[in-house]
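Note that the chains are named A, B, C and D in the order they appear, and that numbering of residues resets to 1 at the start of each chain.
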Amino acid sequence: MKITDVICPFCGCLCDDLTVTIENNRVTGVDNGCALAEAKFMHTGRLNNPIIKDGDRFRETGYDDAIGAAADILKDSERPLLFGWSGTQGEAQCSGVHLCELLGGVIDNTSSICHGPSILAIQEVGHPGCTLGQVKNRADLIIYWGCNPVEGHPRHMSRYTNYADGFFLENAFRERKLIVADVRKTESANLADEFIQIKPGGDYAVFSALRAIIRGKGDILPDYVAGVAKSQLERVAKMCLEAKFGAIFFGLGLTMTKNKYKNIRNAIELTDLLCRHTKFTITPMRGHWNVYGSNEVMTWLTGYPYGVDFSRGIAFYNPGETTAIDILAKKECDAMFVVASDPAAHMPKKCAEHMAEIPVIQIDPHINCTTLLSDVQLPVAVTGIETPGTAYRMDGIPLRTKKVIETVYPNDTEIIDKIYKKVLEVQKK
Amino acid sequence: MIFHMITGRTVKQGEGVEKKLSADYKKETSACRMNPLDMMDLGLNEGNHIKIISDYGEVVMTAVEDKTLTAGMIFIAYGPYCNVITSHDTHGTGMPDYKSTPVRIEETDEDLKTVEELFRGMGGTSL
Amino acid sequence: MKTVRLKRKDIKNPYLPVEAEKITTETFLNNDISEIRIWSGNQEKILEDLFTVDTEGEADTAEDVHIILSGDCSKVKRVGEYMTAGRITVEGDIGMHCGNFMSGGLIEIKGNADSWLGREMRGGEIICRGNAALYCGSGYRGEKKGMRGGLIHIEGDAGDFLGETLWGGKIIVDGNAGNMPGAEMQGGEIIIGKDAEIPGANMKDGVCIICGTAFDILPTFMLEDGKKNIDDFKTGFFEFSGDHANRKPKGRIYAKDYRIHQ
Amino acid sequence: MSELLVKNAFVIDPLNNINGEIMDIAVKDGKIVESVKDTSNTIDAKGNLTLPGGVDSHTHICGTKVNFGRYMSPEDMRAGRGRAQKYMYPVSGYSVPTVYANTYRYSSLGYTTVLEGAMAPLEARHTHEEFSYNTLQDTMANTLFDGNWAVMEAVAENDLKKVAAIVGWTLAAVKGFAVKITNPGGTEMWGWGKDVGCMHTKVDHFGVTAAEITDYLIRANELLNLPHSAHLHNNNLGKPGNYKCTLERMQRTPDLNDKRQTLYMTHVQFHSYGGSKWADFCSKADDVAWMINRKPQIAIDMGQVMFGKTTTMTADGPMEFNLYRLYNNKWSNHDVELETGSGIIPVLYSKKNLVNSIMWSIGLELALMTKNPWQCMLATDNPNGAPFVKYPEVIALLMSSKYRDEEFSTLQKDTEKRVILPSLDREMDWNEIAIMTRAAQAKALGIVDLGKGHLGVGADADIAIYPVKTGDIDPTQEYEKVIEGLSVTTHTIKRGRTVSKDGNCLVFGDNATIWVKPKISENYDISKDPEFIKRFERYYTVNMANYPVEEEYINRNICIETETEL
């Protein structure tokens, strides 16, 4: 059986044109998808049953037992951290926020370690953006800054930018110019008309320099800015000003490097400035398929996109204080609830060490690094393959991911709702 | 010599995110890619084991040549290996220095740890 | 004059943050301290659960109250929030957000201060004998105006984003400042005794003085002709105008020495 | 199911011509009935003012741009934080608060039905997801067609029925309620950083004008026999001299419907500006009101501005960019492919500012000079003019010239040279306020037949009881009591249940989404049109199969199926 128009639950591109072949309730083929999509749909490495840590080993158990154990840990916690959320359905994210309010915990999603700094920048200066189709149909200049779509978002260029058809471009591939800015010559950079190679940590200065050039203050600049020749910057500024529609995409090369969110603020201010001359937009290359959904859900429920502290029953937000890395590294939480992400694999060692010290509950279909630090893990259905649910694309478009095969596993929402009920029950006692 | 460590996504690392205890994932995330000239300076050949040391820890990886990197820069795919040496300092922004931790590199005879061994060292449980 | 001595009790989890915005001078005008609530993690407590309290003397106005904090207060946040008058002395370290929105009075910290010291401060004075961590004298997320008045004096070093979005008032750091002091500043004055990195990024107005070396000065700052004397002691400083990434900026950086970002 | 009796209610129910009578209201199974047998469940209204539940016919509470307003504004969020209560979740925010905050605050103001003013079809799921948390009001969504490529192409082909076919399919697919046109043509031009002005500039490439787009959508709306009329945010919003554009739009609107208006023009305050630049900016509310008074086919809402901080948000991308250039504060923009755009900036309306003071005056002038209150709804274009929590103050201003004069004396002093407000002595009565806040809105939206906006037998038992005894206070003098009395109901009853009492919500709530599904014959089913499909698949970045909003998103819902001429 072939199922068409399937949405890929891997990266923020949320490609919705996959065709998945199913035989005997197993995915046997994925058409149109990239290598990452194929790996996702043909996944292995599942955890079969709930497990509970017992001494220095795990033992298998039933769902009721594991839910009870999870509720016991959470009810005793004076500062639980609920982390993850980017790899699950919007419905589960909503349940997670409500659970956090009930517990008086801190809820944070993986954006604090991907585009959280972009959000901080947006909160300072706003965000001139658009949906990806706007870029595909109009843009004659594409800029990838600090990101490598060939590796990170393999179909981004073919669906939305350089290799996509465009309504207003006769020959989109030829008419579109591509600029790539990075600290190293990535595969994406090899495709560029103009490659800006910046010394690590120099992005901020380069944005400032471009703004000065566009304001007619180029004369004050030195010959080189962060390793980039002034003549190249002038050329790039000219390309931007001559574009009818320019679209900047940026990645973790800006958020994770020195100056963090200030890099993005500067990039946005450059975009704002260019909008006074022509049309420009800027879009973060969101990583996890539904990380933007976790920001949306948390925003409409709590008012803030990530890093929300409900310790006192009201929402308090201050990334750097209420975000997962800071809390773990400073040992400020006494229990952790992980849903649909693998912090142990992606956080600095000091954070993992604290996870080993405190009780950790994980809701995830797979055995992963966090499993090794968990006290309880409940396996669930894979959202977007075994259970449907809402997801938000990197440009904010909401889509409903599909269920393509049957499963015996409950989904994230069901498990979290059960834990919620159980916590209510034990709190009353 | 101080190297500037950048960590990031790769296709192979992405393919492995749901099988993190596999040999493929280990291979991809424990590869330290570096400029060939830097390798020459350190007397390293492709596949040599190296110890990478930062203010935050040390870890054994495999040296892999990568001409896209300029001298003084190393690239490691996201994963449990680079985490051992990554700075957890977020500078008040929530984001650690995933792309800006300074490290030192030495050749070593030590073996690479498996992912499970790495976590056992931090207090994790074996499966 | 009323003196209130608060000593942090030993508790089982020393890492758990405590929120204690009630520890401010006005609170102790009332002699009944049994109703003073503070939070330890998600648990609402009364002050005496976490502190031993020892009061002497009487006061009719906040001006006459002196709070002395001792014991490990490095996780005690929001002390002196909205303080208008009087005095707080911290014998050791203090947690985040000390002196938020403070408009008058004096806070003296004998140890180190954690991040967001004097956030959105309006007036009064904070002296920190040790180091101050990140975002000292800064604003809040998304808010255009940061500290608007008053004085913060750090005798040690300050961390990154010192005086971010500074709008008014004065910050003095005797030691080094971290990355990006005075980012987005639109007024006020920052004086750094030693070195700093990327000062005044995107500033529109205000003054940032660096008595040591200003590292990685942004290329969008323009070196003005001739050297300047700030006062009798700070002489022969380089003067930069900027940040010229902005339209008609009025900001000034003075530095004893500098390195251009290259 | 349950029965309820509201006793001793001082009822004003304009749609049923009840203007202040003490009555009992009987409720059974969520509807108003003649009488009930079981009187165990009784609310004593004690002679207090009792109105049909409030209806807001133009507000921004749910969806992509509203949420982006929240996302970018932690400084606004911290202004309105509250903790959980038994039936209330924690809330945050003032001008763009969280969904729960909106629904709780609307409920304590006595509102039971709200219309989200702008939903991009491509992002409709988002609006519906948020609707499901807006539990205490029934919800519906204006659906944006201002820059819809297929519509513009059909207009260029002079094919009215095709326009209707596209609109009909889209509304049903995205579970929308009405046709919204925001700066027609302008949002498409904004894709190139341009605007259309008013209203005869041709849109690049598509070759149609704003006037034509609106003309066609007005007629298509009637062909589809939709409950609400076309709902227009006109071109040139916020520009000095734009009143001419407003007048021309009114002038060229035909009268096509005898049950309601043919065109709903929203936040007309922002469209009644004289002058040619900010320096000679002035009110032209008298000209605009004069036209409204001659045109029964037009209904408007005020778009009142109130002083203080708020956040502006609209699908009108180019307008928000112009505002950004004035304020130089943060600015967000979000263009939606093939459909529309949007923009957001925070603003501060200040009494010290001459332009702001004139804007404040214009909104009130419009309401006071529109003779027929059924043609003028009370709204602030929440949160653009002000957050809706200011409605009681707006009402008090309309009821008291004393209050207006007192406020006026605190404005920038040149204001009096640019407006006529001080010369207006009309003071509205309770009945007129009831019309402007529920009855006229329900009528304009075409939902009276669904049982909204009135308290007749068969109506939904959506009832608001305010702690106001109209006989005991003189609203022309005691405006503070008006504000206080209308700010928090003693009871807000939704579908027969008390959902909010003295500002506390008593239930989690269970709203319904009202949407339309025009019945269109096979021949006009645009989703089967090969050319439409081809262009869709080629230029959208979402496959057509993934575009329609699934039933899962509208659990409780009321579908209005309409008989059409297609």
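By our rule, a residue touches a chain if its C-beta (ideal position, glycine included) is under 8 Å from a C-beta of that chain, and two chains touch if they have at least 3 such contacts.
A quick note: this is a predicted structure, and the numbers were derived from the prediction, not measured.
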Between the pairs A-C and B-C, the one where more C-beta pairs touch: A-C
Most central chain, Cα average position: A
Between chain C and chain A, distance of the C-alpha-averaged centres to the nearest whole Å: 33
Centre-of-Cα separation between chain D and chain B, whole angstrom: 56
Chain A and chain D: spacing of chain centres that average the CA atoms, whole Å: 34
Interface hub residues of chain D, defined as touching at least two other chains: 72-75, 78, 330
Touching two or more other chains - residues of chain A: 120, 123-124, 258, 310, 312, 317, 319-321
For chain C, residues contacting two or more additional chains: 115, 134-135, 140-142, 179
Complex interface listing, chain B residues touching chain C: 91-92
Of all residues in chain D, those that touch chain C in their complex: 72-76, 78, 329-330
Interfacial residue positions of chain C with respect to chain A in the complex: 13, 15-17, 19, 39-44, 75, 96, 115-116, 134-135, 140-142, 179-180, 183-184, 198, 201-202, 216, 218-220, 222, 243-247, 260-262
Residues on chain C engaged by chain B in the complex (per definition of touch): 115, 133-135, 159-161, 178-179
Chain A-touching residues of chain D, taken from the complex the two chains share: 62, 64, 67-68, 70-75, 77-78, 81-84, 89-93, 97-100, 122-123, 125-126, 129-130, 133, 191-193, 205, 321, 324-325, 330-338, 341, 344-345, 538-543, 545-546, 550, 552
